[in-house]
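Dropping the structures in below, format is structure tokens.
In the two complexes below, chain A is the common chain; its partner is chain B in one and chain C in the other.
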Partner chain A sequence: MDWIGVSVGAILTLLVFSYLLGDTPLFRIAQAIFVGVAIGYAATIAINLVLWNRLFEPLTRDLGANWHLFVPLVLGVLLFAKLRADWAPLGNLSVAFLFGVGSALAIGGALRGALVPQLLATLVPLTSFDNVLVFVGTIGALLSFRFVQPSPNQRSTRALDGLARAWGAIGRWFVLAAFGAMFADIAVSRISILVSRMYYLLHDWLQIIQ
Partner chain B sequence: MIKCTVCGIQNREGSKFCSNCGARIAQASGLICPMCSTPNKVESVFCEKCGARLVPLTVAPAPEKTPPATPIKGLSLPAKPVEPPATKPEAPAPEPTPSEPTVPSDWLARLRTAAPSEEETTAPQIEAESLEEQAEVADWIARLRANSSFPETETEEADTDAPFADKPAPVSDLEETPDWLRPASAAPATPLPAPEPARADEMPAWLNRLRAESAPIEESAPSVSTNEPMPDWLRSLEQPTIVEPTPAETPAPRAEQPAAFLPPLEAASPPVPISEAEMPDWLRELKPKETETVAPQETLADETLDTNLESPAPSLLTPTEPTPTWVGEVFRASTMVDEDLPDWLRTPVAAAAAEPGIALAQEAAPALEQAQVPDWIAALKPPDHPTPELEGEALETVGPLAGLRGVLPLAVAIVEPHAPSRLPLPGVRSESAHLFESVLASSMAEAGAPATARARRAWTMRPVIYLLLLLATIVPFFLPDFTSSSLPVSRVPARTFFELVEKLPANAVVLVAFDYDVSVAGEMDLIANAIVRHLIQRRAKVIAVSTVETGAQLAERVLTQATRDMPNFRYGVDYAILYVPGQEAGLTQLATTGFAANARDWSQRQPLDKLPAMVGIQTLRNIDLIVLLPGSDDRLQLWMEQVRPFKTLPVAGGVSAAVEPRASVYYDAGQLDTMFSGVLGAAQYEVLAKQHDPLAKKVGAAVTNANSQNVAQLVLVGLIILGNLAYWVARAQGKAK
Partner chain C sequence: MTWLPTAIAIGVGIVTLLTFFFRLPLLDALGAAFREWTIVLTAFAVLLGLINLLAVHFKRIARRNESGAGYSLIVIVTALIVLGIGLLLPSEMLTWVFENMYLPLQGAFFALVAFFLATAAYRALRARSVETTVMLLAAVIVLLGQTPFTSFLAQAKQWVLFVPSEAGVRGILLGVALGVIATGLRLLLGQDRPYSE
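Moving on to the complex of A and B:
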């Protein structure tokens, strides 16, 4: 039984590899199977683990203790009003709830988990080479996106503009290095996936390597 | 709905232009201005836009016969009733309004001076001459001057009914009026009881109003014009009529005409052809020397122009009798500069143009050369013979541009941006189109050959690259392990991670987040397998969670494989798998309030409180370590933003190589206590685990995969270097050539 599943996986892997020869029907078959299975799997998970286990089953088991679950139930039902044009405004409440809560959590999380910690991480004492590198690279990367031209009449700002341009040119190299590192990491990740697929074919399916 | 008179398409109410052909839509009960085609109300006398007269002048009915009013067939001339000054007839005329030119244009002045100097032809120029020149005028004009002291009623009638008194504001026209005529025109009218108009029910309101104002004046009009001798040229102008009057339209006798120096044209009926002997000299000069045949385009333009006038003028040109070309030009020019023309020239020219039977002198042609026509009129003049380039252009049928071709091509493009032109291309344009197509075809054919060659070269290189990568990934599987002994493990991030797990207390609870899907499972499974094996060795309680639908399934597979060698490590007792829905909300709830009360595990669908592995674990406070296994940046960001700020417990990450740049930022900021990435990190972790556990028989799959990955990366780097070298060599050769 396991061998059938492994064989199906191996055949689908070969179908996907047929894309090396072009957009062949074999690749399209594998693509359609992947999309269909993924959607069906997600729908099954949502029905079994969310709707039934966390909503309908508690309501049927103890309605008095779980009366608050009517709120998500009503909001969820109102979403179906979006299927009809004249009833669509009824679903605005659910959509507003979803977007409002999602936006609030995302913004709050970005402030707490990304912006403030990242800013604090750059405020380092310039006591080591790494910290100097962080300071120069961070400020330089910000200055590389500075496109403001100074006023020609102000001599004092002219010197600052020269400094900002020079620092921004250095920061541009930091940005390029970061982009190169990101691309290299993605390439390494994709090679890892290729190697794992070959290992699957040779080890799990053909079993010619140990 | 309004039906378009041109194409018949129904348009919405209130539409000014047809939605199909763009023609101006005549209102159901409106009058179209002959000059600007603006629709006006029925009762309008003058155009509300340009001030042109909309309705023709009418002849007041004779008291005895009361014939119906006959419209003057010619240019519609403004004849709004005048209210002359009642108390001071001799008062100087007020300043003319700026919109009404009082001085004839230069070309008309030249036209006047070019006329012969006979007595008859100088008569119209009297108004511009000095008193000394008056001695040279004809006797009939002198007699008219003698009768200039008309009664007030006569003057009023002259201003009202004379067809040549076209200005609606005669007060301003006093400056144009000759001196000998000015007192008469300025004479106040005497109010008289208005007679009963004939057939008033059949006439519009404005006509009845005009008749009501003019009829009583006619009664008192002295019979001057018929008794006075008239010059021949004037009499000849008087003879032809535009439309043959019906018996009911018997004009009023000349004796009853107002005391104007020119009688109305309707009075001259039936039409009598003018001979050249009777023709005045100045008009004889206007006639071309040779009789011209009307070109088709010219006839069409004239007919269209006449149609647009929407006045009795369309009947002027009979289709069976072609009008000479020069007459059409004169008529059109007089139409365009109607306000610039003096009274004496306006209607006679129109009348002459309208009379097909008039035979004018040939020597008059030079007087109306194009050089003497204003430029803006000359620009509007359609070509005598349509050029081949303009044959395919659309002919304007309405509006001021009627009769012109191809004057508004952009308007057509805007109205129908996607509609292909149905007009056949003229010969010149068709040749240009074919030439353009041939140029495009040749350029594409020339560019096709190198493109095919490049594609052939690319196709020959691709299999080579594919083959090299395939060999680099497959061959190391059959080679002995050469990575584990060469991997540095002393000062690597994986060692920090490994030491963190080693420091965990006994029976520690570790939350492992399998936040990756099947697309990166080939890489992330190796990382997860290495970490989970170590945790199982440490007898830690593993709570596997995932915010991805497929993550829980992948966690089950990894844990199942990891526990094969350790049968005492059981699901539900030593480890559990949970699915956390809700993205940000689910993680926030997990960080703040703990696991959901109604949540169930993944494999057995049991409530969490009934799982031995979850006993005593309700919130993250009961967790000793959080291990993140994100397969993408957003999954790592989700945990860092929603969970990390609320907890102070250590967080470690085993991330994909693609997520390493983002994870490094969190690691440098201290949000991640430790991390490693990729297959190489997993291989290092396995090597560390084998070094720490001497009983381990062999290394994991991560080391085996790392062998192939190292070779594949070397091949890839070699291909990149070779490609760059080839590029630079080719570039240097190109520069050398």
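Moving on to the complex of A and C:
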């Protein structure tokens, strides 16, 4: 059974690697299998771990205590109205619920997980050259994504805009350094995965290396 | 009735947002319930996505002359087999599918990216602009800093990661956070209504 599993995995790996020879039908087959397996697996997890465990099992076990779960059940059923164009407005209620909670969680997450911690980490005493560089680079990187046109008539606004543009131009170099570091990190991780795939083929499957 | 989706989005959104700032028993209970319902609704959305994807591929097969109909058949058959295994057979069989089909395919696709990254680096080198040179210089220092050649390279890598790169990433993160907050507030104030389309 284990050998069959390893062989299946090895053949699928070779199908994917056939892309190195071009966009071959073998690669397309691997793509189709991957999409099929991924959506089948995701649907199974959604049914077994979420819909059964968190909705249908509590409802069938104790209806009185879990009556509030009828709300997501009704909203979930309404979601399927999106499959027909003339019923689609009914599904808007469920989508609105998802957008409402989702946007609130996104705001809370952005405040707690990114904005406040990153600002606190930037506001350090400028007692060393590295701290000054981090401060200048952070504000500059933020300003480099600024696409606002100043009012042409106000001299003070134009002066501030010139300062922001100059600082943003410096910040652009910091963004490029960040992209380079990210590129290197991704390259290392992908090469590690490539080595592990080769080891899988040569050790686990063909058993020609120890 | 077009006001009802907007009212739902604003109502549940503001209650959920308030749970980040206030500790009140009723508010906490409502926030927890909304989060739980969202998880359940997301599972329904996954099933809706599955049905929609299968419908698209069924239509492609039905139009007989369309290219790629064979691949659509593979998608449908594979998805239904995996779904059947997950719902009808013991969980060990689904684990077998995950370990011997999903993981090898995912690993192979990720490994393929290594070749494309090498091609991208070569093209960036050929572009010969100052920007790409700075980017590649940072990349080379971070790459070589992970090899045991010299301690100088390791120190240079640490400096690149913790000074210029950190400043750049922090600026990007702050920009993304501000963008998320602005977009979220527009939704909660009813100025954007993507759910009414």
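In this section, the second predicted complex is superposed on the first by the 175 of 210 C-alpha atoms of A that agree within 3 Å, B and C clash if a C-alpha of one lies under 4 Å from a C-alpha of the other, contacts with A are read in each partner's own complex, and residues count from 1 in each chain.
The rule is short, and it goes like this: a residue touches a chain if its C-beta (ideal position, glycine included) is under 8 Å from a C-beta of that chain, and two chains touch if they have at least 3 such contacts.
This is a predicted model, so every value here is computed, not measured.
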Which holds for A:47: it touches chain B only (first), chain C only (second), both, or neither?
-> second
Give one of first, second, both or neither to describe whether A:120 is in contact with chain B, with chain C, with both, or with none.
-> first
If you stack the two complexes on chain A, which partner ends up touching A:194: first (chain B), second (chain C), both, or neither?
-> both
Using the superposition described at the top, determine whether chain B or chain C touches more residues of chain A.
-> C
Is A:170 touching the first partner chain B, the second partner chain C, both, or neither of them?
-> neither
Once the shared chain is lined up, is A:185 touching chain B (first), chain C (second), both, or neither of them?
-> both
Could you tell me if A:26 is touching chain B, chain C, both of them or neither one (first, second, both, neither)?
-> neither
Take the contacts of chain A with chain B and those with chain C, and give the residues found in both.
-> 20, 38, 41-42, 45-46, 48, 50, 54-55, 101-102, 105-106, 109-110, 112, 114, 118, 121, 134, 178, 181-182, 185-188, 190-191, 193-194, 196-197, 200
Flag every residue of chain A that touches chain C in the complex, lowest number first.
-> 1, 5-6, 8-10, 12-13, 16-17, 19-20, 28-48, 50-51, 54-55, 68-69, 71-73, 75-77, 79-80, 82-83, 89, 92-112, 114-115, 118-119, 121-122, 130, 133-145, 171-188, 190-191, 193-194, 196-197, 200
Which chain A residues qualify as touching chain B in the complex?
-> 20, 38, 41-42, 45-46, 48-50, 53-55, 57-58, 66, 101-102, 105-106, 109-110, 112-114, 117-118, 120-121, 134, 178, 181-182, 185-200, 202-203, 209
Complex interface listing, chain B residues touching chain A = 462, 466, 469-470, 473-474, 477-478, 519-523, 525-526, 549-550, 552-553, 579, 581, 583-585, 588, 596, 598-600, 602, 605, 637, 640-642, 644-645, 656-661, 665-666, 668-671, 677-679, 701, 704-705, 708-709, 712-713, 716
Write out the stretch or stretches of chain C touching chain A in their complex.
-> 1, 4-6, 8-17, 19-20, 33-53, 55, 68, 71-72, 74-83, 85-87, 94, 96-115, 117-118, 121, 131, 134-143, 146, 159-178, 180-181, 183-185, 187-188, 194-196
